[in-house]
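Multiple structures follow.
Across the two complexes that follow, chain A remains constant while its partner is chain B and subsequently chain C.
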Partner chain A sequence: MSVKILVFSTQNISDPGVDLAGSSHLPYSPGVVVIPVPCSSGIDPRWIIYALEKGFDGVFIAADGTDCPYLEDCTTRTGQVVARAQEMAREKGLDPRRIRMAAICSVCAEAFVNHMRNFEKALQELEHGK
Partner chain B sequence: MGNELSSRYDCVVIGGGIAGMETALLLGDMGFECLLVEKEASIGGKMILLSKVFPTLDCASCIATPKMAAVQNHPRVTLLTYATVESIAPREDGRLEVEITRRPTFVDPSRCTGCGQCEKVCTVARPDQFNQGLVARRAIYIPFPQAVPKKAVIERRGLSPCSAACPAGLKPHGYVALIRKGRLERALHSILREAPLPGVLGRVCYAPCETRCTRGKKGQSIPLRALKRFVAENLPREERFLPEKKIPKKVAVVGSGPSGLSCAYFLARKGLEVVIFERDEAPGGLLRYGIPTWRLPREILDQDLEDIKALGVKIVTGKEIRSLRSLREEGFEAVYLATGSLKPRTLGIPGEDLPGVYAALSFLRSYNTGKPPELSGKKVAVIGGGNVALDCARTALRCGAGEVTVIYRRDREHMPAHSFEVEEALAEGVKFLFRRAPLEFRGRERLEEILLAEVRLGEKDETGRARPVVDPSRTETFRADAVILAIGFQPEAIFRDEGFSYHPDGRLKVDPETLATNVEGVFAGGDCVTGPYMVANAVGAGKRAAYHIYRYLTGEEPRDIDLAPEVGRGDKAARVRLKAPVAYSSVFGENPVPEQAIEAAGRCLDCAVCSSCKECVETCPAGAIDLNMKPQKIRLKAGAVLIATGFRLFDPSSRPLTGYAHYPNVITAMQMERLLAPTRPYNAVLRPGDGKVPGNIGIVLCAGSRDQAAGNPWCSRICCMYSLKQAQLILGAIPIAEVTIYYIDLRAFGKGYEEFLQQAAGMGVHLVKGRVARIDELENGDLVVYYEDMEGRGGVRKARHELVILAVGALANPELRKCVREDLQLDEAGFFREIEPVREPCVTSVPGLFVAGAASGPKDIPDCVLHAGAAAAQIAAYLRSLGSEGA
Partner chain C sequence: MKEPRLGVFICHCGGNISDVVDVEKVRQAVEGAPGVKVAQTHMFTCSEAAQQEMIRLIREHDLNGLVIASCSPRLHQETFRQMARRAGLNPYRYVQVNIREQCSWAHPHHPGEATRKAVALVKGGIARALRARSLEPIVIKTRPEAMVIGAGIAGLEAALGLSRMGIKVHLVEKEDRPGGLLRDRGPIFPTDQKGRELVEHLWREIHRDANIRTYFRSHLCGKEGVVGDFRLKICRDGEEKEIRAGAIVVATGARPHTPQPGEWGYGSEGVCTLYEFLLHLAEHPEEKPLFYRGRRVRRLVYVYCVGSREPAGEKARTYCSRYCCTAALYTACLVHSRWPEVTQVHLYRDIRSYGKYEKYYRRALGYGSVFVRYSPQSPPEIHPGGRLRVRVRDLLTAKQEIELEADLVCLVTGLEPVHSPELLEHLKLPVGKEGFFQEVHPKLRPVETMADGVFICGCAQGPRTAEESAASGLAAAAKVGALLLAGEVKREPLVAEVIEERCDGCGECVAACPYGALELSGDRVRVRESLCKGEGACVPVCPQEALQVRGYEHETIKALIDSLAEGLADA
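Right, the complex of A and B next:
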C-alpha cells in the first residue's frame, strides 16, 4: 500500500511546479495530497503534527527557497517552522524524519517527483523498521 | 495588488514581459502607483516561455515566476490582463489619458480557482500559442501552469454563424462539437437546454443554420439538422431539466403549438406552475394537425411532448379559452397567448364553395387524423407557392392522386417555399404551373375545372417581389377533380373584447422585446403575432416570452434562459474564410450510425472558437463561467506611460525557400525553446513531423534578420547567443546528437559571451560559416540544407539534417503604434525611438511616454532588465517634475 504524504506547496512558486509534474504525466504516488498555501513561512507547526496524528505518514513542505516573492529570509523562516515541528513531533513520540522540506521552483516538476519517490521510500523503510 | 481599478495612476506600464514587470516593481517600490496592462491572459512575456537564459544557463522560469508573483502581490502594482490599450492622448495638465479595453474572459476571476476542470470538458481544440502551436489547448484554457494570474479564459469570437442564425436559440456549434467528441448524450442535453422539441425540429426545421454554415459557402455544409435529428431520435431522453425549487405562481398558456409548448417548457423548468389550454383533442397545434404525418411521425411529436409533461406542465385539451377573466379567477397571474394563425385566407372568386375545393389546413387535418378525402387517381391542383402548398401537393400524392399540379402566380424563383422543398416535390413528381391565377372554380355537382388567367409580373412591391398583374383577357381552363387552396392564413380574431391592440390583418400587437401585449400580465407570441411562420421562430418566441414572464412574475432575470443571439447583446457572427473548397461527400444518410455522425461533425471549422456548448458552465465547481461577459472600456489618467511591448518574431512562412510553411521538421527557434524548456509539451526533444528523436540538427542563423529580401536588414542581436545556448542544451538532452550552426558571423559581444561560444565549440557544436539559401525535404522527413560555403572550398554545398531550427529575427511590434495620436517617432526598423539614447535613455518623442526593453530595439534579457531600471529612474524623475512624489 502506498504511503500517505501531505504536501504544503506555495501558490505562486512550488504549486505550479507540482502542477507541471501532473500535466507532464510524471508518475508519483497516488498517496500524495497537496495543499497550496500563500507562503511556506506561514505554516503553523501544529498543522504538521495534526496531519501526522490524523494518519499521514509524512509531511513535505515544498518551499520557495530564494524565489519567494514576499520575504528574502523565507527559507530561514520555513526552516524554523520545520525545526519546531520536528521538535514537537519528538515530544509526541513521532519520528521527526516524517517531516521534510525542500525548495521546489515553478518548473521543478522532476525534482518534486524525485523528492516524493525518495520520501515515500524513506517512509516505507521507517514503517518496516518499526 | 488591488483588484479595483482606480481612475488615475502614476504610471501605466504596457506589456507584462520582463521589462514591464521590472519597471512596475521598481516604481512600486519607490511608492508610485502603477497599472500593468497585458494583452495576454498571463504576464511573463516571452521570457517565461524560454528554456534557459544565456550565458549563465539559469532557468528562465525560475527567474520569471517569482517576478510575476511579486507583480501580482505588490501593494502598489495593479495587474490588468487580457486587456489592450486603445489610445494614449496627452492632456492639457501634462498627464496622459489612456483608454483601455478589457476583453471579456468569460470567466469571473474572483471565482476561478484555476483548477482546470473546464479544460477537461471543453469541446474545441486550438493550437496552443504558449507552446508555439506544437500542441493543442482548449477554447477555455489556463495559459500555462506558472500563469499569473492563474485563471481560465475562453477564446470566443462572438457566435458561430450557425448559432447566430437559429431563431430558437439553439447552439448548433455546441452540439456538433459534442457529437464530434463522441459525447452524444451531452449533445442531446445541450439541445434540450436551449429549446424543447428536438425531435420535431430535427424533422421540420428549415435549418437556417445550415444556410449560414461556413462549410456550405464552399462545398457541403455540416448536416446540422440531421445531426440534431440523429441524437434526438437515437438517444434516450433520460435527463430532464427539473426545477430546483417550486415557485407558487400560475401561468396559463393558450394554445399548444410550438410556441406555447416552448414557453411552458422554460417556465416549468424555472419551477412555475404552468397549464396549457388546447381547444383540440390532442396537444401540438399545427405540429399535429398541420404538418403532414409523413414529414413528422406522431411518435416523435409525442416523445417531445413527454419531455414537457415530465416537467409538470399540465395540458388541458378540448378546452377553448374564450375570456381572460376566467383564467384570472382561476388564479393565473400571467397568460401567454399562442393561438397561432389558422384562419384560411380566401380568394373571393366564384365556385370556392364547390365540393372538391379544400382549404389547405382542413385538407392536412383530415389527412393527419386518418380521414383523408378520396383522391385516388384524381387530378389535383394546389393553389399557392409556399411550403404549405408543397406539403399539400406531396400529401395529395400520398393520398393516391393521379396527378398533382401546383399553380403559382409568379415564377419559381419567387416562391416563398424553400428551394430544397421545391426540389423534393419535383423529385416526387409534383408538376408546377407558373404565372397563372384562378378566376373561377367551375363544376355542376362538384369541381370539374378551373378557369386560369395568365399573370404578368409588374413593378416590385414593398416585399421586393414583382407585383403580379392578372390579365383576364388571356385565360385557359384547367381540368381538376380537386383543388387545395394554400394561399395563406391569418390569425383568428380572439379575445376581441379584452382590449388588445391589433394590426389591421388581425395580428396581435406586442412589445417586440418582451412580447408583452398592452393588457397587463398578458404576453403573446408565435404565429398569432407574426402571422404564419416557421416552427423554430415560434419556439424562439415561446422562449423569449418565458424569459419575460418569469421576470414579470419574480422580478429576477432568468439568466439560464439564453436568448442570444436575438436580444442584440452584441454577439456578432464569427467569420472564417475558407481558401478553397474541400471535396467531401457526406455518408450521413437516413439511418446513420454514431461513427458517421461523429465524422460528419468532425468537419466543423469552429468559426467562433468557443462552441457555446456550455459544458464548462455546467462543470465549473465555482460557477465562474459567464458567457454574457462584455468588453469593458476603461479610461484613466496617468502621469506617465511606459511602452514595454517587446518584439515580434519573424514569421518564416513568408519565406518559402526555408520550407517552414510546408515541412514539419523545420521549426523556429521559439519552438525549439519550448521543446527544451522545463515546461516542454512532449517532455522530450522530438521532431514534430514523426515524433522521432533527432540525431542530427541544423541551426540556421539570420532567418529573417540581416536579410534585405525578408524586409529586415538589421541584426537581431540575440539569435547568435540563443542558438549557441540551444546547441548546448540539445547536447545536454540528446548526448549523441550532432549540432551544426550555419552563421554569417557569430556575434558574441557581451560579458561572458565569447566564453559561451568557446564552451559550445568545446562541446562539439559544428560551426559552419555559410549562408543557407534553401531547405528541401526528403521522403523520410529529413531535410537537405543548401548553403554557401564561405570559409572552406567555397561554392554551394548540401548537408542533411533530421531537424532544422530557424533562428528567427526580432522585429518591431506594431501593435501600439496606432494608439498614440501625438507624433511618436519610430526608428527605421519600426521600433520606438529613444530620442537621445545616450543622454536620455527610455525617453520617447512624446512627453510622458517612455519605452523600455525590446520595444526600443532587440535586446537580450540582462539588457532588458537594465533598460527597465533606467526607465523606472526616468519615469520617477518625470513624475516628480509633475508633482507626484511617490512614497
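Right, the complex of A and C next:
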C-alpha cells in the first residue's frame, strides 16, 4: 500500500481544488485521504499529531491562503497552527517534516497533485532514511 | 442518545464510481458495522426513485442517521439534506462521503486500492454520523430597513431599488454631494447621457422618496448586532447617530489611479490622466479650438495601461481595469466629433473594448485615430518640456522606434481600491488580492460577502463601467430585499460551542475570534451564535480543547482519523 497521507482541506477553497484534480482525471496516490474543514485556521494541531500517532505517514494542510473568505490573516494563522504542530511533533519524537502546508485554491488541481507526489516522495525518503 | 440506527447508501453514479470502486464490496464491508441497520447500493442515489426508496427505509427502520457515499458534497449535499427533511430526519444527521471526485476519478488505475480507500472513507462517514446531532438553524427576525454606504451610481440605484420594495433606506455618503466619479462628468458611454445629468436624475428621485434618508459628510463608525437587525453608528463632524438596519450595502466605489509626479511624465505640463481630461472636457464642452490648461491641443496621444497590468510585486496593480480602454476610445470619438482638426494617436498594449463596446474602437478608427501597439517590456517614453515628445517602439512594424510630437499626453489609468480603515474594521469584509472587496463567488453569489447581511456592489468590488455598476447596485438591492422581506433569516447552526467543564476562562479564544463572537461571562466563555461564522479560528488556540465547531468536534475528528487510519492500514 502506498504512503498514507491525511489532507485537511477547506470546504470553500481547497476542497473544490482537490475535487477538480479528480474531475480532471489527474491521478494521485490512493493513500491520500481528505478531511474537509470550514477553514484551515481552525485545524487543531492536536488533530495533526493524533493522525501521525495513529499511523498516517504525513499530514498535509491544504490551506485557504489569500482566498480565505473568513479571514484576511488566514495564512498567518494556519502557519501558526502548522508551526505549533511541528513543535509538538518534535516534543514527541516525531519528524516535523511529516507535516506540510501549502495554499491550494479552488482551481489548483495540478498544484495539489504535484504537492501530493512530492510529499509522497519525501515521506518515502524519510522511511528509507530510518 | 437513542440507539444509533444508520442507513448507508453507496452510489454507482452510473459507472462513474462503480467502474473503478467495487461498490458491492464497500457495502459488504460496512453492512453489519456497529450502528448500521441498512446498507444498500443505488445506480444513482440522487435520482427521485432512489430518494423515495431511501425515504421509505428511513421511515420503515426508524433510522436516525444517514451516510451517502457518492459525489462531491458541492453537488448534492443540499439535495440529500432536503430528502432527509422530507423523511422526517434532521438534515444535520446526514453525512456525505465523496467517493467520486476524491476516489474513483482520482485513482482510475488502482481499482483495488480505490475500493479499500472507499471503504475507509465510508467508515469515516459512519464514525461522523454516529456522533452527529440534530441541529436547528439559528433563526433571526429581520428588520425592513437597510443602510447603503456610498452615493455613487451603484449606491443610488441600490437605494432606489430597495425603496421600491418598501424597504426603508439610510443612504450614507462621506462627501457633501451624491454622484461619486460620475458627478462632474460629461457624456458617458453607452447612452451619451452626461454623467452629471444622470446623477441629477437619480438624485431627484431619491429626494422625492420619503422612504430614503440621506446623511452627507457621514461615515460608518460602529456596528453591532446581527444580520437582520444591526445597530449601526454613523459619525458626522464628531457627532454620532444610531441607526437600526437589517442589512448593509457597501457601494464605496474606487478612485482613478494617479501616477506619482515624474512617473510617465505625470505632473509636467501637457501630461494628464484620462479622468482629468474628461473632467476638463465636461467643464469646457464647447470650447473652440481645444485647449488644455492654456495649451492649444492639435496632437493628442493616449498611453494605455498606465498603472495597470503591472508585473507582480509589492503593491503592484497586476489587474486590468477593463473599462479604461473603452473610456479612452469613447473620449477619442468625442474629441474627433467636436474638434476634427485634432490628430489622435493611441499607444496600447491590447485593446479590450469587449462586447458591444467594440463599436467605439471601429468608430475611432473610422474617424482617423492611429493605433500603435507597444510592448510592456519597452513602454513609451514621455519627454516633457517645451516640445512634448513621446518615443515608442511599434510592435506591429518590426519594433521600429517612432517619435511623436504631442500637445497633450493623456495617461489612460485604471481604477484602484479606496477603503477607509474604519469601514474595514467595522464590517470585517474580506479584501481580494487586488485590494477590492471580495464577493463569496463571482458567479453564484456575486454581491454577497462572507459577512452575513453585508452586500457589495459597484467599483468597491472591482473596476467596472457605470452601466455595470448600476446593474450590480440593483442586484445588491434584490438580494437585500429577498433577505429582509422574508421576515426572518435562517443561519447554519454549525458554529462554535464551549465545552463548559473544560473551559477555565483564560480568554485566549476571545482575542482570536475575528468576529467578536466570543465573550467572557464570569469565568466562562460564551458564544454569541448569531455572530459566529463557524470557521473555527478559536479552536486551535484553546489550551483545554474546550472550544469546538459543531460537526467538527474534537471527538468526531479523532474518530474520523481513527477510521481512516484503520481503513488504510487494513490494506
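Brief remarks on what is shown
The rule we apply is simple: the second predicted complex is superposed on the first by the 129 of 130 C-alpha atoms of A that agree within 3 Å, B and C clash if a C-alpha of one lies under 4 Å from a C-alpha of the other, contacts with A are read in each partner's own complex, and residues count from 1 in each chain.
Criterion: contacts are C-beta pairs under 8 Å (C-beta built on N, C-alpha and C of every residue); 3 or more make two chains touch, one makes a residue touch a chain.
Nothing here was measured: the structure is a model prediction, and the numbers come from that model.
Between chain B and chain C, C contacts the larger number of chain A residues. In the superposed model, A:I13 lies in contact with chain B only, and not with chain C.
After overlaying the two complexes on the shared chain, residue contacts for A:Y28 are found with chain C alone; chain B is out of touch.
By the touch criterion stated above, A:G129 is placed in contact with neither chain B nor chain C. In the superposition on chain A, contact is made by A:P69 with both chain B and chain C.
In the superposed pair of complexes, A:V107 makes contact with chain B only, with no contact to chain C. Chain A residues 16, 19-20, 23, 25-26, 68-70 lie at the interface with chain B in one structure and with chain C in the other. Across the complex, chain A is touched by residues 59, 61-62, 65-70, 72-73, 145-148, 150, 677-679, 683 of chain B. Interface residues of chain C facing chain A in the complex, by the touch rule stated above, are 72-74, 98, 100-110, 113-114, 116-117, 120-121, 124, 430-433, 438, 440, 450, 494, 514, 533-540, 545, 549, 552, 554, 557-558, 560-562, 564-565, 568-569, 571.
Those residues of chain A lying in contact with chain B across their complex are 12-13, 16-17, 19-20, 23-26, 64, 67-70, 105-110.
Across the complex, chain A meets chain C through its residues 1-2, 4, 6, 11, 15-16, 18-23, 25-39, 41-47, 50-51, 54-56, 66, 68-72, 77, 80-81, 84.
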